[in-house]
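For reference, the structures are reproduced in the following blocks.
Presented sequentially are two complexes of chain A, the first with chain B as partner and the second with chain C.
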Partner chain A sequence: MKNKLSSLINPRSVALIGATERSGSVGSGLVENLWSGRHKRKLFWVNPNLKEIKGERTYHSILEITEPIDLAVVAVPAEVVPQVVQEAVSKKVGSIIVISAGFAETDSAGRQRQDEIVNLTRRSGIPLLGPNCLGLLRPPIELNASFAPFNPPSGGIAFISQSGALMNSVIDRSGLENYGFSLLISYGNGADVSLVDLLWLADRDQSTKVIAIYLEGLDEGREFMEAAREISSRKPIIILKAGRTELGQRAASSHTASLAGSDQVYQAAFKQSGVFSASSLEELFDWAKALEWLPRIENGLAILTNGGGMGVLATDQAVDQGLLMPELSEATRNRLQKSDSFAEETIFKNPLDIIGDADTERYRQAIETLLTQSDVHSLVVIQTKQTMTNIQENMEVIAQAAQRWPKKALISVCLPGRLSQMGIKWLEEQRIPNYSDPVRALRAARVLTN
Partner chain B sequence: MKQIPFEETIELLARYQIPVVPSAVFNNKKEAQDFFSQMKQPAAMKIDAADIWHRTEIKGVFLNIECLTDFNQAWRQLKQIEGIRGVIIQEMRSGLELVLGVKRDVQFGPVVMFGLGGILVEIMKDVSLRIVPIDLAEAKQMISEVKGYRLLTGFRGQPAVDQKKLAEIIVNLGCLATENPEIEEIDLNPVMATSRQIDVVDAKIWITSDEE
Partner chain C sequence: MKNKLSSLINPRSVALIGATERSGSVGSGLVENLWSGRHKRKLFWVNPNLKEIKGERTYHSILEITEPIDLAVVAVPAEVVPQVVQEAVSKKVGSIIVISAGFAETDSAGRQRQDEIVNLTRRSGIPLLGPNCLGLLRPPIELNASFAPFNPPSGGIAFISQSGALMNSVIDRSGLENYGFSLLISYGNGADVSLVDLLWLADRDQSTKVIAIYLEGLDEGREFMEAAREISSRKPIIILKAGRTELGQRAASSHTASLAGSDQVYQAAFKQSGVFSASSLEELFDWAKALEWLPRIENGLAILTNGGGMGVLATDQAVDQGLLMPELSEATRNRLQKSDSFAEETIFKNPLDIIGDADTERYRQAIETLLTQSDVHSLVVIQTKQTMTNIQENMEVIAQAAQRWPKKALISVCLPGRLSQMGIKWLEEQRIPNYSDPVRALRAARVLTN
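Entry: the complex of A and B
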């Protein structure tokens, strides 16, 4: 499977079976997305009922195409899929994605249909992704073989999702976020290409730095653990596992036809194979960007704030997360006390509250002094917007410190508002994560120390 | 799934160095009486029957038997229970109640479970799990994960449990499950722990039955 998947993620030619320009259809979404990468590879439209799409001729059948096809994308009604897959197999394509739904996730006829197409492709050794999936995107090479709403930004996160619709929302959301993707793969029913195959694929992919997964259930628990254990030692793996409750599990089984085991057992499996278990979609990407942008660090955290309340919230969460907050050393306290930037009433301890009237110079002195202390490995910098708070300048100070201490992790907490959102965007463009809430920031800080 | 007889259960556990409180199963009253009069009293007398989850629920447990009168009365009542396979006679143990178990998961295979016993395990579901095989370090980690962990460390006059020994038992239980694929489920409940010893007091093992 390993080498065969290269035609799936690096195709020189793609045939779309079920291509159409009828607006609002899956086929037209695929046409638009594939078209956006037309300079990178050859495209062929297959639809017996149309003459041309995007000014290019269509083919009656994939067999009519004379050139070799690396990837066949199938988006036709379920009943027609077996025939189309048979043709793609005869054409000796490199790999196949079946987008169409109406297989094992529906009824026994659907399951039979799924077995039928898998038998066809397996006999010929052609990998099949899907059915019942959104498709595959690889932004760094402008490959978008999906009906996603637009092309998400390129970056270091590989997102593998059992659910296609959820992947669509993640892509939509990514337009407002500052992280990007190396790969996005929705594998739907996982009839042939499995999560384990995709894990190995993401492991080998040079642009992938972090692997984020939405999972409902597995069919190959032991193999998964073996793969995850090995891969997580090189690239962090984060999983959002759905179906925690019995009712949730029943919903999952009718969704992607997966046989979900007990959630507690899954959690044990994740723990034993070095996988981070996120509890929400938000957390999945909170952690993914932290793990992509920041170094892995030892346990030892300092908190810097200009507002007492936020400092207390952050400290509570640090304790809950098992993060150690070292006392300020005498040298650190002396340095802070000698500086004339701090207000008289400042108490020099960790968390360090530099009070609401803190200007950028005070932030700079505090950040640099705290990072100089050797047992401070990560620093959470909290800003509440006060009259004297210059968010943009403070962000620049944070970015400078991150450059000076590349082995330490700097995390920003600032609620995005009218006055702060520009500064936050700028900071994240420097690959320093910002979180709107100290709880989110501290939970992200914890995964860096594991 | 069917439950194997108690004698086979404790033999299997012994083969994997999982300590069980001294026990014997009898159908002959005279032999049972002889055993009782020579053992370290008080004794516990329990029913061995196929397919029971809780012996107490069918009134199949008599504790603190110290004289022949009590013995005879317990014997008579146990023998009246439908489906009886034999009468288990055991030494009594006290200490901190723990539970250990194994369940075969559809995706991951055998999973070992450790938890604090009695009400805590049933109400609080205070257990930790690992997919086997596991090593000693993983077993120790697993023990420390339960919320009531401090109870094992000698909290307010409770006995401090020998955690190394407990971890060894968990590792062995994992081996037992891996090497005997016909086992579907193991329930060691309670396991009594003091600072000096850890003993399985009640044990049930279910195997795949032929009809399935």
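Entry: the complex of A and C
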């Protein structure tokens, strides 16, 4: 399987079977998305009822196309899919994505139909993604073979999802966030190309730095664990497992036709395989951006704040997460005490509260001194918006320190607000994560130490 | 104490001692904020070194002012505070806020200074808020006696915080959120006016619908519990308790001089008093807006989604939170089956997955039918952004249903994204909460049932 997937994620030519311009349809979403990458590869529209789409001719059938096709994308009613797949197989396409729903996730007739198409493709050794999926996106090469609402930004996160709808929401949200994607793959029923295949694919993909997965169930536990164990030693893997409860499992089994096992079994398997288990969608991406942008570090954290309360909340969470907070060394305390930047009432300890009137110079002195201490491997910098707080300038100091100490992890906590949102955006463009809540920041700091 | 606090939150005249226009100073922040409410009350600037501020004369001392003063706000260096407070007492002001830091939170000299001013005011029966605090805001009457960065929106949440810095961040964030405040009070060291006094104040305040508290420590446990038990039967109280861990407690004790007790004791006391205990700042306001905008309900939840994955995540969390998900009654199923809005493959159960191509009419049919079932008391409506999803129109359907079923709680889950953020803002302006993650939505749904 490994090598055969290259035509799936790097196609020089794509045929869309079921292409249409009917507004609001899956087929027209695919047309628009594929069209956005038309300078990168050849596109062919297949629809027996239309003459042209986007000013290009359409074909009655894929068999009419004379040039070789690397990837066939199928978006026709379920009943027609077996015939269309048969034609794609005859055409000897490199790989197939079946977007259409109406297979094993519905009823026994659907399951039979699914078996039929898999038999066809497997006999010919053609990998098939889906059916019942959103499709595949690879932003770095402008490949969008999906009906997602728009093109998400390019970045280092590979997101693999059983659910296509969930992937759509993730894409919509990414338009407001500062992380981006190397790959987005919805595998739906996973009839042929499986999560394990996609794990290996993401592992080989050089743009992928972190693998984030939304998972409802798994049919190939042992293969998954072996792959995850090997790959997670090179690239972090984070999984959001849905269907943890019995009721949730029942809901899951009705929509992607996968068997869900006990949550304890899954959690134990994840742990043994070095996989991070996120507890919400927000956490999945909180962690993904930290793992993409920051180095993995040893356990040893300092907290810097201009607001005592936020420092206390962060400290509580550090303890909960098993993060060690080393005491400030004599050298560190001396250096801080010698500076004339700090207010008289400052107490030099970890967490370090530099008080509400902290200006940028005080932040700089504190950040640089704390990072000089050898057992401080990560630093959480908290800013509450006070009169003296220049968030943009403080963010620049954080970014400079991150450049100077590339092996340490700097994490920012600043609530997005009217006065802070520009600075937050700027910081994340420098690939330093910001979190809107100390709890979220410290949970992200923890995964860097594992 | 109860009646004396009226001059604090409803002053007809305010004197600011330490008024200045020096940019970036606490005093100038106070000038600007008080000035924004100048049409509502008389303002007097006190500063012996200046002739005028904002084109108005300044006074050398509060004793120079001939008119009565309801509220004196003090923002001068700690060393000068006792003298200034003595003068305010001689002037017979109604109440005093000491913004200045440098008291019990620092050292024994500071504690002595704090005792000194409290002795002065208590002898005269004048309530004193602070010292070491951000001040007080009451948006509905345009009172801003604080150095907060701007005026937060008006609404039904009273936020009481030991930490002023934290309050500033909350205010900054509120500029991007859709909830608003009836009161914001930072009580700092709580030397005289205590959390318990402020609880009663918020209880009597007619604009206040929900009381949200950030707390580090408490000196008057029994009084607090008695007050909380009584008040929480009328208005929900949510507390974010910091200093849960030993390290967190130590960090807390150094900045507000309050004694922190064991977390178990606090949590037990909260539970007995009917207080909701939030685990993060985000959760504090997630819950506050739900409790302000929605009715309290019996346990019985339906989940509606156009994306199976989000439905599964929500169902897991409902189970975790002890929320009951009744099965769809025969009447409900019949009604849904009779409608021609639903796709053939729809399975009519709770959670109800109306599939990715759900349009607004399908959402409407599902919402109205589910709410007609008598044991469905709350409904979580999930939208993932698909081609057919018209988020704005769906939000309008949700708002209409909320009007028709005012005793049921409707909660929206829609990830803020490029295509969804306008609809989310509109919905929340109708006082229906939206959450960006099913986990957060279901945790908020839970507090409505208690």
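Definition applied: the second predicted complex is superposed on the first by the 450 of 450 C-alpha atoms of A that agree within 3 Å, B and C clash if a C-alpha of one lies under 4 Å from a C-alpha of the other, contacts with A are read in each partner's own complex, and residues count from 1 in each chain.
The rule we apply is simple: a residue touches a chain if its C-beta (ideal position, glycine included) is under 8 Å from a C-beta of that chain, and two chains touch if they have at least 3 such contacts.
Just so it is clear, the structure is predicted and the values come from calculations on it, not from any experiment.
Colleague: I'd like to know which partner A:236 touches here: chain B for first, chain C for second, both or neither.
Modeller: Neither: A:236 stays clear of chain B and chain C.
Colleague: In the overlaid three-chain picture, which partner chain does A:347 touch, first (chain B) or second (chain C), both, or neither?
Modeller: second
Colleague: Is A:385 touching the first partner chain B, the second partner chain C, both, or neither of them?
Modeller: In the superposition, A:385 touches chain C alone.
Colleague: Please work out whether A:222 is in contact with chain B alone, chain C alone, both, or neither, and reply first, second, both or neither.
Modeller: First partner only, chain B.
Colleague: Tell me which partner touches more residues of chain A in the superposed arrangement, chain B or chain C.
Modeller: C
Colleague: Between chain B (first) and chain C (second), which does A:262 come into contact with in this model arrangement: first, second, both, or neither?
Modeller: Touch partner of A:262: chain B, not chain C.
Colleague: Residues of chain B touching chain A in their complex?
Modeller: Residues 105-109, 111, 128-131, 134, 138 of chain B touch chain A in their complex.
Colleague: Once bound in the complex, which stretches of chain C touch chain A?
Modeller: For chain C paired with chain A, touching residues are 24-26, 28-29, 101-102, 105-107, 147, 149-150, 161-166, 168-176, 214, 216, 240, 242-248, 251-252, 254-256, 279-282, 305-313, 315-316, 318-320, 325, 345, 347, 349, 351, 353, 355-357, 384-388, 414-421, 436-440.
Colleague: Flag every residue of chain A that touches chain B in the complex, lowest number first.
Modeller: Its residues touching chain B are 217-222, 225, 259, 261-262, 264-265, 267-269, 272.
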